[in-house]
Amino acid sequence: MIALFRRDLQLAMRAGGGFGLALAFFLIVVTLVPFALGPDRETLAAVAAGVLWLGALLACLLSLDRIFALDFEDGALELLATAPIPLEGVAAVKALAHWLTTGLPLTLAAPVLGVLLSLPAGAYGWLTLSLAIGTPALSVIGTFGAGLTVGIKRGGLLMSLIVLPLYVPTLIFGADIVRRATDGLDPTAPLILLAVITLASAALLPFASAAAIRINLR
Amino acid sequence: MTLNVQDLKVGRAGIALLDGVSFDVCAGDVLVLRGPNGIGKTSLLRSLAGLQPVLGGRVDVAPDSMAYGAHADGVKGTLTVVENLTFWARVHGHPVRADVFDAFDLAHLKDRTAAQLSAGQQRRLGLARLAVTGRLGLLLDEPTVSLDAASVALFAAFIQRHLATGGFAVIATHIDLELKAEVLDLTPYKAQAAAADPAGFDEAFL
Amino acid sequence: MSLWEYANPVKFMALSGQVLPWVGGLAALCLGVGLVWGFFFTPDDFRQGSTVKIIYLHVPSALMAINTWFMMLVCALIWLIRRHHVSALAARAAAPVGIVMTLIALFTGAVWGQPMWGTWWAWDPRLTSFLILFLFYLGYIALWSAIEDPDTAADLTSVLCIVGSVFAILSRYAVNFWNQGLHQGASLSLDKEENVADVFYIPLLVCIAGFVCLFLALVLLRTRTEIRVRRIRALEARSRMA
Amino acid sequence: MIALFRRDLQLAMRAGGGFGLALAFFLIVVTLVPFALGPDRETLAAVAAGVLWLGALLACLLSLDRIFALDFEDGALELLATAPIPLEGVAAVKALAHWLTTGLPLTLAAPVLGVLLSLPAGAYGWLTLSLAIGTPALSVIGTFGAGLTVGIKRGGLLMSLIVLPLYVPTLIFGADIVRRATDGLDPTAPLILLAVITLASAALLPFASAAAIRINLR
Amino acid sequence: MTLNVQDLKVGRAGIALLDGVSFDVCAGDVLVLRGPNGIGKTSLLRSLAGLQPVLGGRVDVAPDSMAYGAHADGVKGTLTVVENLTFWARVHGHPVRADVFDAFDLAHLKDRTAAQLSAGQQRRLGLARLAVTGRLGLLLDEPTVSLDAASVALFAAFIQRHLATGGFAVIATHIDLELKAEVLDLTPYKAQAAAADPAGFDEAFL
């Protein structure tokens, strides 16, 4: 299990593994926003919190196919399924590795990008906090989506279609935390709800992911 | 620690392929599966490995005692030979014994990434992976594809050593391996289309 | 004789073949009566004018859109636990019906919203959660059609349906939390003061009954088609092997 | 060449081919925006034009890996390279097929989604027009990016990284057309520039794409 | 319409593998390439197909006269057998002749999607693709992998017919094909690591 975790990190670091690329995608999407919306500072500040959460979510989404697809294609997933570690553990470890190589860097980078979008000063702390609490849920839910669609060639878009609706609650609470903080309201209520979502999905979804993989391997 | 198969019915995508396959493999035995393309060798091996449900019959074998070697090797192109083997050994809870590299003539390739290996070298790495799992039962699907004569001999020697330590193997192949082995031709077990049978999984619809 | 016997495709085909014309006829009857009554023989509302009559399409389709998902959830559980093919195929057959119901509700709602709220669309929680439901249907149907092997597809869509239901309910609460609504509260509960007036109420009930029958008829019909498709597959496979 | 075109369309229609999925992705991204930015109609109307263009661009981007990756993996690209049709033609045909299965549906769907974001009434025609003119450029540029990264396993994110900066001019002019129309200004200038970008890239980029593929096949 | 190779130097990733390879293949000839795993057979074939640049020497062959059959078959899993073949035939400007299906025993699989074929059936489809290109020169990399004896015979018969109509073939293989063919063992041509040579790609840095 630890071996798997270490290998997944190693693979992510290698060329083409995609570590840092999610970050770069996040950066680019956020820089594209002013081109699309126009350079007006007020407009940008009003949407900054939402754009940062949305950008982080999309960057997360796009790196999901890394989780299982490669292992499926080269047969490693079949071998893991017959190895003496539970598939639930495999799913959990892979979600964790995904978060470490995607969610964590995104969380750390978000405040910097907030400057680009003139995010109001009081919101930086809450932005980081909300992403730190919310991105693990994105990884775990994404792992489930990746497990569901692993058998499908070029299933990337289909996976997005399945995963994005599942992301809705996380996104709503996450963005709401930052928006409330920006508006000077109390963000504890969405913060607690977000934490509940993260904990519950981390506890339950690996079982669903493992079931989906088992079905896909048949 | 042996494999006992009784009256097995194997299918693919809901269609029965093989019916009534029975055999025993004891420690120290090799069973070679033969049969024309498309008869169901791969499907049978996948069923034995527990990767696809059987349509009928029984497979008796100790849990977690079989290692499956498919067409795809489970080898990561971006990891080196050593890293690949270390990973699979760890997953199975063993260290990598230094002699596997010699056993499969990989010593001089240790630090190359697997993507830079030729077809045969990659296959040797895939076979070495089976050795580090420490499993006694080997299920091999055309293991000698792309191997030259010298590598086939290495493979045969590996199997001999494996058998001597109480292992057993089921090998699907079209080629003559230089092994003393029982041969099972699957042709007679081809499932009859006409035999309506509720066990088959689409047959509920007929 | 247990109810489960009808999960056998052959038995199901025989029974559903007999039931289908009756259900279909009943649907046509209820819808005909309900809609004609509703559209032509009820007075205009004193505030909403004739636009109130959209209710005869809007409310039944909205109800059916949600209930279809529940039916799919039940079918998914039955398939995963008891592995009756008919229930998996019924879930598959229901999904397109459900998505069309969702679309009808969305469309009639939008058409109603224009005169009532002065806008085609608002991010009201009820409307929003309907849009999310639409997305869930879309993902579910796409997953069905992306997988070749029917049983694998049944398994995976069932897992998705269960997980999706949990998240759909979560979304419902999230959306409520996120925005205050414009939309009507529930007004069908029998004892409420603010219930719609009886003149509108009875034809509405007839319409709802009509939609339920229509749904049943369509699902039966589509399930039968799915079973026939599977039968063709099995026959083809058999002839291929001979 | 016609055979290739027909096959590409056929593949796109088949299960897992992804026709319609780009559309679905567009729909989902657009529905997620209010969750991120808040439900306020005014805010949404202000950003609607930009969001629609950005959404169309991302949907286009995500379907790019379909263009060459599958053909590369199964060896078909090598065979096409040795076949008696010029690789430039292959690149052009694939870009065309991509546009027909992605850009065109997006263009047609955009007005409907405009309703969701309360896009001002006068802007619908311009939105459709700008997308109709701009999306071919997205497909052609994207084909170039896909050709550059075809040799890289899971090159999806890397490709995004390369393609997104190339998309900037198209995005700026495209979104500007709609914004000007919304504000009641004259959008002809960006319209002409956008048309020039599309024509020039359609004329020149297939050569670059073909060169990139040739290098990747070595 | 023949292939003439003189003093060819072939490499991979900037490292010379084979040096001084020379041979002629005339219409009606088969050349079988042999050599241990990793010697450079695949690299040589790719060079002949024009897919990778040569490091030195000359390849003389009429342009657009060679068809290359690699490990990967260029077969689309989501298309049926017929659709796959029709596509490749069209690309090369020919219709699909009905007899290819019989020649490779694919007639009963015509309407199956390629993903539903077994390993050997897929390979047969890959070989049939070569037949519909209408090219005279065939470059084949281990064409008989996964094929059973009957299919190998079909393949040999196809090659015989192809030769009779003026074709020629270069085949890399580890297995004995039942073909009357010249054999070229590549072992003696192995490039010397010591021989510094400005033609090699990275050697400019030495």
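Going by the order they are written in, the chains are A, B, C, D and E; count residues from 1 in each one.
Here, a residue touches a chain if its C-beta (ideal position, glycine included) is under 8 Å from a C-beta of that chain, and two chains touch if they have at least 3 such contacts.
Keep in mind that this is a model prediction, so the values were computed, not measured.
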Label of the chain whose CA centroid is most distant from the centroid of chain C: E
Of A-C and B-C, whichever chain pair has more C-beta contact pairs: A-C
Taking each chain's C-alpha mean as its centre, the one farthest from chain A: E
CA centroid of chain B to CA centroid of chain C, Å: 48
Interchain centroid distance [CA atoms averaged], chain D/chain E, Å: 37
Centre distance in Å when chain A and chain D are each reduced to the mean of their C-alpha atoms: 24
Numbers and ranges of chain E residues touching at least 2 other chains: 71, 77-78, 116
Overlap residues in chain C, where contacts from two or more other chains coincide: 132, 135, 138, 142, 146-149, 178, 240
Residues within chain A bordering two or more other chains: 15-17, 70, 152-153, 155, 158, 161, 164-165, 168, 172, 218
Residue ranges of chain A in contact with chain C within the complex: 144, 148-149, 151-152, 155, 158, 161-162, 164-166, 168-169, 172-173, 176, 189-190, 193, 197, 205, 208, 211-212, 215-216, 218
List of chain C residues in touch with chain B within their complex: 8-10, 85, 148-151, 227, 230-231, 233-235, 237-242
Complex interface listing, chain C residues touching chain A: 132, 135-136, 138-139, 142-143, 146-147, 149, 152, 155-156, 159-160, 162-164, 167-168, 170-171, 173-175, 177-178
In the complex with chain D, residue positions of chain A that touch it: 15-18, 21-22, 24-25, 28-29, 32-33, 35-38, 43, 46-47, 49-51, 53-54, 57-58, 62-63, 65-66, 69-70, 152-158, 160-161, 164-165, 167-168, 171-172, 175, 179
Contact footprint of chain D on chain E as seen in their complex: 49-53, 64, 66-68, 70-79, 83, 86-88, 90-93, 129, 133
